[in-house]
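Only one structure is covered here, and it is reproduced in the block below.
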Amino acid sequence: MTVTQSAPAVRTQPGPTDNQAVLIVHGKDRTGIVAAISAVLGKHDANIVSLDQYSDNPHGGAFFQRTVFALDHLKARLPQVELDLQAKLAEGFELEYTLRDLSVPKRVAIFASKDDHCLLDLLWRHRRGELPINVSMVISNHPDTANEVRFFGVPFFHVPSAGPDKSAAEAQHLQLLRGNVDFIVLARYMQILSGDFIGRVGVPIINIHHSFLPSFIGAGPYAKAKQRGVKLVGATAHYVTEDLDEGPIIEQDVIRVSHADTVADLQRRGADVERAVLSRAVRWHSEDRVIRHENHTIVFAG
Amino acid sequence: MTVTQSAPAVRTQPGPTDNQAVLIVHGKDRTGIVAAISAVLGKHDANIVSLDQYSDNPHGGAFFQRTVFALDHLKARLPQVELDLQAKLAEGFELEYTLRDLSVPKRVAIFASKDDHCLLDLLWRHRRGELPINVSMVISNHPDTANEVRFFGVPFFHVPSAGPDKSAAEAQHLQLLRGNVDFIVLARYMQILSGDFIGRVGVPIINIHHSFLPSFIGAGPYAKAKQRGVKLVGATAHYVTEDLDEGPIIEQDVIRVSHADTVADLQRRGADVERAVLSRAVRWHSEDRVIRHENHTIVFAG
Amino acid sequence: MTVTQSAPAVRTQPGPTDNQAVLIVHGKDRTGIVAAISAVLGKHDANIVSLDQYSDNPHGGAFFQRTVFALDHLKARLPQVELDLQAKLAEGFELEYTLRDLSVPKRVAIFASKDDHCLLDLLWRHRRGELPINVSMVISNHPDTANEVRFFGVPFFHVPSAGPDKSAAEAQHLQLLRGNVDFIVLARYMQILSGDFIGRVGVPIINIHHSFLPSFIGAGPYAKAKQRGVKLVGATAHYVTEDLDEGPIIEQDVIRVSHADTVADLQRRGADVERAVLSRAVRWHSEDRVIRHENHTIVFAG
Amino acid sequence: MTVTQSAPAVRTQPGPTDNQAVLIVHGKDRTGIVAAISAVLGKHDANIVSLDQYSDNPHGGAFFQRTVFALDHLKARLPQVELDLQAKLAEGFELEYTLRDLSVPKRVAIFASKDDHCLLDLLWRHRRGELPINVSMVISNHPDTANEVRFFGVPFFHVPSAGPDKSAAEAQHLQLLRGNVDFIVLARYMQILSGDFIGRVGVPIINIHHSFLPSFIGAGPYAKAKQRGVKLVGATAHYVTEDLDEGPIIEQDVIRVSHADTVADLQRRGADVERAVLSRAVRWHSEDRVIRHENHTIVFAG
């Protein structure tokens, strides 16, 4: 008899998010937005669980609101809430919204290369119940982490990506991803995505860069940090845009280093920051706590 | 001719808080609170500048909301807003509220002893325009800081407090304070206030304790920290209650120390944390960002 | 054919510590210790790679020195270095020393229970080459983590420990450990070790306590932290003594929390601090960077 | 009678540094340096109080050692120690050294402009006895802080510096500084020093830059930080070289900010980091804890 080795299943959390939905509204600020939204929710006897609001200028600036509300029999009643919301927002507000059932986790594909610290940290945290996501697959240009990923019960796809022409690899990526994921995480994926791929894949992509941006853009940031003699090294999670390392920053953190740290020491210390920063960014994105606005993010951290 | 030496006056800030008011509501959570409040504000065309909300349990727990709103001609119109609010909250809500014109700074008395780092930091920050307060007076049981305080244009009163019987000193305190201050800050004041004084003075009192509470309650926390061999020392700002060092915590922070630090080193490093923590607590209290609830605080930090 | 699932082997590090030894000297401070030691090393043409020194009082206090030196053909020549060192220290110095070949990793047993975050973090860091240890075994009073541990190629022993009488379990522990380990790590092991066991096992034991000691000693620290309303939660790695949570502190750290965090949130945030603090303590102990002195530690952190 | 208003004098510290000297040695690493130095000190019965050592490569790299030693009747005996040291280092070592009586504080000139937070923090820390320096003068291109500076008993010189040609102002600076100071601190001095001045003044110059370098070099770093949407802002203390903001970094730190912070908020939060970072850099420089090496610093922080 063969006993299949496997890690424990994801621990189910007795759903604090059952019957809860999240509503994101953003657009042009004007008087009465909060009142309008809460009137719609009040009409349905929805109870507001949390409400975060931000306006970059109360006089006609950009307005952002995140509202989590609880509603019995949510799944049955959400369509009517949405219709009422649409009707209310049509009354002269210049706002966009997204409305989402929080009990349905977002589906994610994680891209990785040889280095596994960010990848494994996400898989561990997910198994511990810390991340409200569904890991649909891991895609790597190296086979090294296959066993570890599958040990977590997650599909692993090896898509080699040698040479300057990434079009074949990216075509394979698109085939695997299309319809299957809500966002992508680059967990120290050491390949640059083409603008064409970013446009066609059509879902947000979160990258972890191993420096405190905008310091040390591009390759080899720890070597550059050693060269400059900085006293802290950091990491940055950001949305991927066509401009390398220039996308909207979601989260950053740093750790103290000294003259005695070698580049390898910086990498070791930095790795801890990278995985912590990336996991926060993934959690916040999964819970719709991050709103993109121009090249910035509004983060209602929890 | 004698030119009086004096520090520059407090820098006036072209009022971001003109025509703004802050409304704090807290009480029993139930559906519709946010909608009710924003409806009242909407009726007056008040624009919500920021809104923070927290419920410790959406099913009948305690509810807390802080709303800052802008309203043209605020001073003239605030009484009617309040009447409408009272009427609305009378519709079955079990809530208390406070409503305050943000352009009127809270008046504070600072109590100090010989050590001046927390005292001077508050006076400096106030002069820089960082603290929306009016420093009515400094009271000290030592004359040492008189010149420095008066250099900032702030009245200084020396009230000696020797011996176990503090009743004479406290009577003098009450005479100075009554009707003149909205809260009190103990900026490393090395005397214990009697329960009688706390009850009779009738305004909130903020203390800075020089340890990370609940570690090292009472006197000599840095010596105790050295004795225990901790690797971080900290400070705690809390509201004063009759139970020494047991009041609701507003803010805490820590700093790293090592085996090589003497007790004097811990004091030096800790002093930086003390003044930073106290200034944050004072700022948050001044802006009505702190709500007391049982022995806890809800802090909507900004 | 059965392909055995397994994680990659520990990555070998091209030995920066080959031909290096660490010398710890501590005792009564007096003039000439550094000169005496460096003279012995100089006689052997040993090159000092790093030297840390601390005296808690230059006038007859306690003296501590950690010296790492490089010496060609170290293994063959270390015995003679030690003999010369003994002769030199016999010249009136009141010092103890330990001398160790750094290329020989310390052997460790990790004790765990159900919670796996500290355990897995150590195994994973070890595999990455971050910890110069040899994980001899994992002992747990629960079978839950067996597969994960064995996936790392580490022996797992399940020793149940129900009921108040731990003597049978501890006898089994001693049988497994005797002669096999140089230190023990309690990676959130939820059983209290008897004084008898601590005495008989004869190797240092490192525990991670899930609070910032001396706050919240004993069970349920996160619930106590929530109850007190602290604004930071922390973790403490310390050597185990008979007095629960009173042993010498090796390392501590904290993370910011807010009123909105539930006890479960504190546990989640705290878990990150626990594993970071424990891994630093284990690394420093493994590299002989921690010297115990009375109820304190001298940590020459690297 | 006129009572002159003035702040208390600098508190005298019963000299922990009396009869102590600091020796800095740096140059090419080779076997036996530590032994040679400690032999010289041992010959004089000097007791080593602290010893820090670093080599960037034990095989012929650069070597750095900071030694503090105590010696009765230090002032009388230091010349002979120095002669013996010279003789010893002449035995084939390629090393430079500096030897300094720690009871003699370094003399500093502080340059400031309108913003006073870094300036006042240094003056206040100095008065508390935290900085082993002698503040010879404050030079400012604005008269605003004259009263505050003189209140501390420190000479204040107003040297206007309008227009692109700084040569007249710099000539005045040189006249004031020559022979009077051991180093210069730019405490948010908003003028660029010419390469000519830097060369002619002949003492180290420490600047505080209000960003986490190399991010946001040049003017307006907080506005640039807001523009980029970073989640932390920082400050950097560095030695001034002809290349603006490119000199060797002494110390850095950061503080968390959010999307809700305006540029003014970033300035307020950043100001706290600036003064903390600058005061650490000044203390370390004053105690000879910082060694410049190429474009880096070795910092033996205490």
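First chain written, first letter: the chains are A, B, C and D, and each begins at residue 1.
The rule is simple: a contact is a pair of C-beta atoms (placed from the backbone, for glycine too) under 8 Å apart; a residue touches a chain by one contact, two chains touch by 3 or more.
In this text, all values refer to a predicted model and were calculated from it rather than measured experimentally.
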{"item": "Given subunit C and subunit D, the chains that contact each of them", "value": "A, B"}
{"item": "Between A-D and A-C, the pair joined by more C-beta contacts", "value": "A-D"}
{"item": "Of all other chains, the one whose Cα centre sits farthest from subunit C", "value": "B"}
{"item": "Cα-centroid distance, subunit A relative to subunit C, in whole angstrom", "value": "36"}
{"item": "Centre-to-centre distance between subunit D and subunit A (centres being mean Cα positions), rounded to whole Å", "value": "43"}
{"item": "In subunit D, residues with contacts to at least two other chains", "value": "54, 260"}
{"item": "Of all residues in subunit C, those that touch subunit D in their complex", "value": "29-35, 38-39, 41-42, 45-55, 58, 70"}
{"item": "In the complex, subunit C residues that touch subunit B", "value": "54, 212-216, 228-232, 234, 248-254, 258-260, 295-299, 301"}
{"item": "Residues of subunit A touching subunit C in the complex", "value": "2, 5-8, 117, 120, 124, 128, 130, 144, 147-148, 150-151, 260, 268, 272, 276, 302"}
